[in-house]
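What follows is subunit A paired twice: with subunit B in the first complex and subunit C in the second.
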Partner chain A sequence: MTASAETLNPSSIAPPIEVAQRRRFWTNWLFVIPAMLFQFFWGWYPMVVAIFLSLTNAPIRGDLQWRWFENYARLVQDPLVPFAFRVTLVYAALSIALTFFIPILVAILLMEMPPKTMRIMMILWYLPLSGIASTLFWQYMYNESFGIFQWIATAVLGLEPQAFLSSERWVLFWLVVPGILMYGPGLYYMAGLQSIPKSYYEAAEIEGAGFWRKIWTISLPRLRPIIAMTLTFAIIGSLQEFTWMDLMTRGGPNGASRTVVMYMFTLLNNGRYGDATALAVMLFILIMAIVLVYRAVFKSDPDV
Partner chain B sequence: MSTSTRLSRRDFLRLAAVGAGALALRACGVRPGNGTPGTTTRITLKTGGWPIDVPFTGEQLSAFQKGYNKAFQQWLDLNPGVTVEKIEFNVWSADALRTAVAGGTAPFQYPIGVLGGWNVPGIQASFAEGLFADITAAFHNNKVGDLLDPKVAASTSRWQTRDGIVFGIPYEVVSSEGFFFNRAHLAEIGMDEIPLTWTWQDMRELALKLTKGERKGLAMAAYVLDWILPTMGIDFDGLLSRYPVPGRSFNWRWDFTTFVDDIAEGVNLWRTMYFEDQSVYSDPNFWDFSQNGQLAAAFYAEKASMTPGIHLFFSDMANKMNKTIREADEFMGFVRQPLGPLGFTYQLPFSVSAWAFNPDLNPEELDKAVSLFSYMLLGDGFVTIAQEIYKETGDPSEIVRAIRWPFANKYSHTIPGVPGTLDEATGKRYSEAINTLFSQPKLPEVGEYVPAEVNRGPGDTPWYDKLTRWAYSTDPFDVKADAAELEKILNQQAKTFPSGVDEKAFAEGIHRYYQDVAAFLQANAPTFYEQRFKPFYDLRIKPEFG
Partner chain C sequence: MSLFPAVGRKQFRTRLSWYTVVAFLWLGVVLHLLPFYLMMVISITPASEAMSMPPKLWPSQPTLAAWRLVLNLSEVAKSVLAQPLSRYFLNSLIMTFGTMALSIPVTSLAAYAVSKLIKGRAAKNLFIFFIGTLMLPGIVSLIPSFLLTRNFPFPLPVAPHIPGTDIPFPTLRLWNTYWAVIVPAGFSAGNFLLFKGFFDGIPDSIINAARVDGGSEFNIFRRIILPMSIPVYAVVAYFQFGATWDSYLWPLVVIQDSKIAPLTVAIRSITDAFNYAGTTNPMTAFGASAQMNELLRQGLSWNGLMVLGLLQALPVFLFFIIAREYLLKGVKIQGLK
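So, the complex of A and B:
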């Protein structure tokens, strides 16, 4: 048998189909298993344990005792719990309204600019900053005695001194404002917009479409998968907000910026693990419900 | 390339499986090839590095570090077979510590207050929950009681149960919260010292007088409102705002409406100082209570004449300002919080800060842990460190700079081998003020009278919500409506908590507690007793407890 004949005979070099399939099966699992283990230990396992603990006294040490729905009943009767849910929902709504949609508009407008200007604007807009550094920065900006916002309000605009973070009515708004400038998911939109073929816009222009018409019928529909994904993350993230409030206001004044996760943290600090996990489960159910409703209503496929 | 060296997919799968297995074994703590552990009984104590650390290394050690190393080696020589290992752990983080104690990875020693909330009921509850080891045997075996200052030894509620079970060792004495003041600024207005009997109204007037140009009379944060109101008996656990109701689920209820006019008066005082007098350096973002924050920085820079603190800050403040202890004594003084308008203070003259031990240690390990801790901080090791500092510097005040004075041990006044007294070394005026403060009569603490309640009940979140509103909010609010709402929230929460304490023991303890409080107030704050405590007692205590 010649070498060329060997290469032409697949059965002499390739394993039987069953063996190949078995190998592929195990190879596939090998790549999937680490991700599954990670998801199991850092996702599903804590979730199941949290649900389990929420039905017990959850002691730090000592015997576990079933409490069934006692922790939930206590939370339902606690006036601070509905208040924290209200703060969380208002914050999430404000956050999504102000920090989610504005970056879409900004991204579209940036794409209309000359390339050089666009690059400079992108650097300014998406300048990566450390979370803690920005928090400190914003704390000083909002400082009622010597912050720049107060200076603008009083010296430039001639207004009365403003309360900013110490106003119960406005604290959530002022907490959302930095997100407009710094945390928008704009880069995703820019990437999405750049992936739209120019021929779409050229064809639309030939048909006589104007600026807004192109945005409405081409840009926004083509961005829909990205919007769907980032909106899901935005909903989940804003309903779980903790760090920003904790560093900026500690939930004050008068609990006006205390989110559900912050109250959960307070319960943990008070040694009330059962109550804290029950509250976590309640928040989980709320988030799941909102995301499911949103996914049912919002279609991510631009061609549907 | 030879085909024999090529890694086939099957080989790769095998190697991956072996690697994963090794990693899993490693994660489970199994070390291949280690074999069976030896039979030598060796003890390893793991420390977070404070206050017990491993010996210091480096070329230029401070006098304290040299003394520490010497004392540490002395203890190791006396205790062969024991090693101390340093682990990366922040014992001041409640979350980290709670997790570590739950998971069995905590260091051998940690501060009691971090898990106990720095108050007697919380500390006692934490012990009942099993967060601190029972060290009674080790405590007595190492004769720790003999090493303590008599006043500290008698003040047991933060490290012993009512039944005498020991769960901690006193480490420091902590003064009541108060204010450091700038002596030169005080002299400008013709004052030398601030008397212990000063009131909040006195403080307001003083702050006004001390305010000069850019300088404010006082640096303070919203928590100071939480100092003003308790001197009127109003607090989350205030004398007049919380009352016992045994037998109705959780044993306590709240009343913020009976004396709501006092709340309005206290809030008004703070807001007048903050918004109108302009005598306070403050901001809603200021929360720190330390020698390192914005308030203290304003004091160091002489932008504020007074700043809140506790006496423990003194040495660190001297270091921050690059002053010797004596220079610091010349620069600043310390006074406890002002009294309430009726002469009452809820503040103890001092409290004991104690350290607990890991409940996972076995009796032998606990014995060594207690031995090391007490040797280095209270006994011979402490003396060695102090002597070394003196030997190195020739200045007893350097001992005070390195170790915060007064100490929990019996060496606060004299140390063998060190000439003179520590009082002189600390600075005459400062040491006199502290000694006077520490000898003030002590208000009874309820945790010393009633059994520990594992179920801690409602937290203080609603109280602090109202405080933040009353302190800084520029939105309109009604103190009376807020007080009623606060009362309603806490009482509604309280109803949902069960109680685990013996009702009879609780009632008996409560009876004794209020009797002792009444006697204390009659002797030390008679106006407050007549005008506030007696009406409260008749309304809330007498009907239930006689």
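So, the complex of A and C:
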């Protein structure tokens, strides 16, 4: 009797509702607190601090002093700064124009293949060559004395020997070209295309829509939220490019491919932390301005 | 299979455009595979042949000389590479797996809570707190983050003094340790978005049913949600692996000791040494050091750099092959509105 009374005692089966709710509240927060700490200390905190740090002298030793806009004034007078901004903008524009749209088209076409072919093609298309390895490969391709591009230019097309990465005028173009072969965020597009109901296309077909018409009125509008997001990342990412140039050209020739972030890295290596941070804040403002304008123009919701 | 008409597939025009699409896609596949093939071929080409025109699709005398030399580079030429190559490889692996072990649990638990456990305003605010940094250029925090690794929690070059004394505040130094790469990557906003997109697609009824059965929230996550979410974990693991394995600017800033430098940083110093010595470009072959000349004589030039490239690319490649089945199932993303 006593044993069964004990097992039926509700407190031994489940705690009272208020206790359970309180406990649930705390477990919920246990799930997020570690992430909040990381996101605070390594996400938001340094970002906000950057604005203040750019207004100080940030010396390697000695006392920290407010310098207000002295760092900015010094940077504006530095001829390398506007030049680096120009290089960055040209590179970003070229890279988005030449490399952003192809992966979208490829994803749309890949979805047309029969499932088995699609699986194989997808794996082969998206086979990753790591970024650092591809810098080595492309440096070889662009080599002026024995690279394959030089061979195509001289032996196949019969042109004069080309300068490629040593040409101040064309270096940014040649730096963008390898990106055409990279797959970009193709996986996101394919995931987005997968979720479009087949009936949309069937209805369009009955209405007499052809190949391009279906892409233009169904696939692209349905992908729009994803494209809006990947384009934002592409803008932010290409304006912050560093790795590619640093390994391919070291910013040369004559600084023709020295981006803002590369110049910032130079300042950092010279211990000019205040100046480097101020330069980063300038780039930050530029990127945010571009992104805000673009987001105002390009609505991401297809149903509006 | 929806762009081409369902009826009349055998018409000449439809067939022609179908084969054009197929040809275009296969051409792309070939162009994608070409770098892998060429890197492999150049890596087994003798040094002089690797630096001559016209380019060859197969070496006249395949040799593994470059592979042997690169793998023992630190013994042959100490000035080119301070540590054995395997050391850099191991460092990269430690940093990559360390980052994954920290960041994937932290990020996925938070994404699950924001998606399923916390409701209303709190969830909305947390969401913005977590992904807000994604929409802002991260470069602005590079220098404060670098200073944070030196004097945590002060993003300053020198830790301030305790007011009224000459003693500086005690600080934590992560700089120039593996932790400097691992800890700042503890939470990833991009992966948070992928996780949340996936968890949003899991019906609430499953979780409620488990609650009725008396599971604690953590047990529900571990026993029910986790097994359902393997695809998204595979995708995130693949992205995280690729990103950390290839990270370059950050280790360049926070790692100084060659004993703990990752492979990417080692590749930078090797290409520097090669470029300086003129091995990569005969026209600038003036400042070649004795050691570099010796390397050249032994058969190391561009073929060696391709070996390095292949070694660096291999792990990401393998990870992709392992995760491939899950890639499309794991990405459920609706964009940021």
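Quick note on the criterion: the second predicted complex is superposed on the first by the 265 of 304 C-alpha atoms of A that agree within 3 Å, B and C clash if a C-alpha of one lies under 4 Å from a C-alpha of the other, contacts with A are read in each partner's own complex, and residues count from 1 in each chain.
Note that in this section contacts are C-beta pairs under 8 Å (C-beta built on N, C-alpha and C of every residue); 3 or more make two chains touch, one makes a residue touch a chain.
Keep in mind that this is a model prediction, so the values were computed, not measured.
Once subunit A is used to superpose the two complexes, subunit B occupies space that clashes with subunit C. In the superposition on chain A, A:60 makes contact with both subunit B and subunit C. Once chain A of one complex is fitted onto chain A of the other, the partner contacts of A:203 are absent, as it touches neither subunit B nor subunit C. Once the two complexes are laid over each other on the shared chain, residue contacts for A:293 go to neither subunit B nor subunit C.
Shared-chain residue A:80: touches subunit B; no touch with subunit C.
Once chain A of one complex is fitted onto chain A of the other, the partner contacts of A:190 are limited to subunit C, with no touch recorded for subunit B. The partner that reaches more residues of subunit A, of the two candidates subunit B and subunit C, is C.
When both complexes are overlaid on chain A, the residue A:139 reaches subunit B and subunit C alike. Residue contacts after overlaying the shared chain place A:268 against subunit B and subunit C alike. Contacts of A:125 after superposition: subunit C is touched, whereas subunit B is not reached.
When both complexes are overlaid on chain A, the residue A:167 reaches subunit B alone and has no touch with subunit C. When the two complexes are superposed via chain A, 218-226 is the only one of 146-154, 218-226, 326-334 or 398-406 in subunit B with C-alpha atoms clashing against subunit C. Shared contact residues of subunit A, touching subunit B in one structure and subunit C in the other: 27, 30, 59-62, 139, 143-145, 268. Residues 1-6, 17, 21-22, 24-26, 28-29, 31-33, 35-36, 38-39, 42, 50-55, 106-107, 109-110, 112-114, 117-118, 126, 129-130, 132-133, 135-148, 152-153, 155-158, 160, 183-187, 189, 192, 214, 216-218, 221, 235, 242, 245-246, 248-249, 252-253, 263-264, 267-268, 271, 280-283, 302, 305-306, 308-310, 312-313, 316-317, 320, 324, 327-328, 331-337 of subunit C are the ones touching subunit A in the complex. On the subunit B side of its complex with subunit A, the touching residues are 9-10, 13, 16, 94-95, 98, 101-102, 125-126, 129-131, 283-285, 287, 359, 456, 459, 461-462, 464-466, 468-469, 472-475, 488-489, 492-493, 495-497. Those residues of subunit A that touch subunit B in the complex are listed here as 23, 26-27, 30, 59-62, 73-74, 77-80, 139, 142-145, 163, 165-169, 250-255, 258, 263, 266-272.
Subunit A contributes residues 13-14, 24, 27-32, 34-36, 38-39, 41-47, 49-50, 53, 58-62, 64, 106, 108-114, 121-134, 136-137, 139-140, 143-148, 150-151, 155, 181, 183, 187-188, 190-192, 194-195, 198, 201-202, 205, 211, 214-215, 219, 224-226, 228-229, 232, 236, 239-240, 242-243, 246-247, 261, 264-265, 268, 273, 276-277, 280-281, 283-284, 287-288, 291, 300-301 to its touches with subunit C in the complex.
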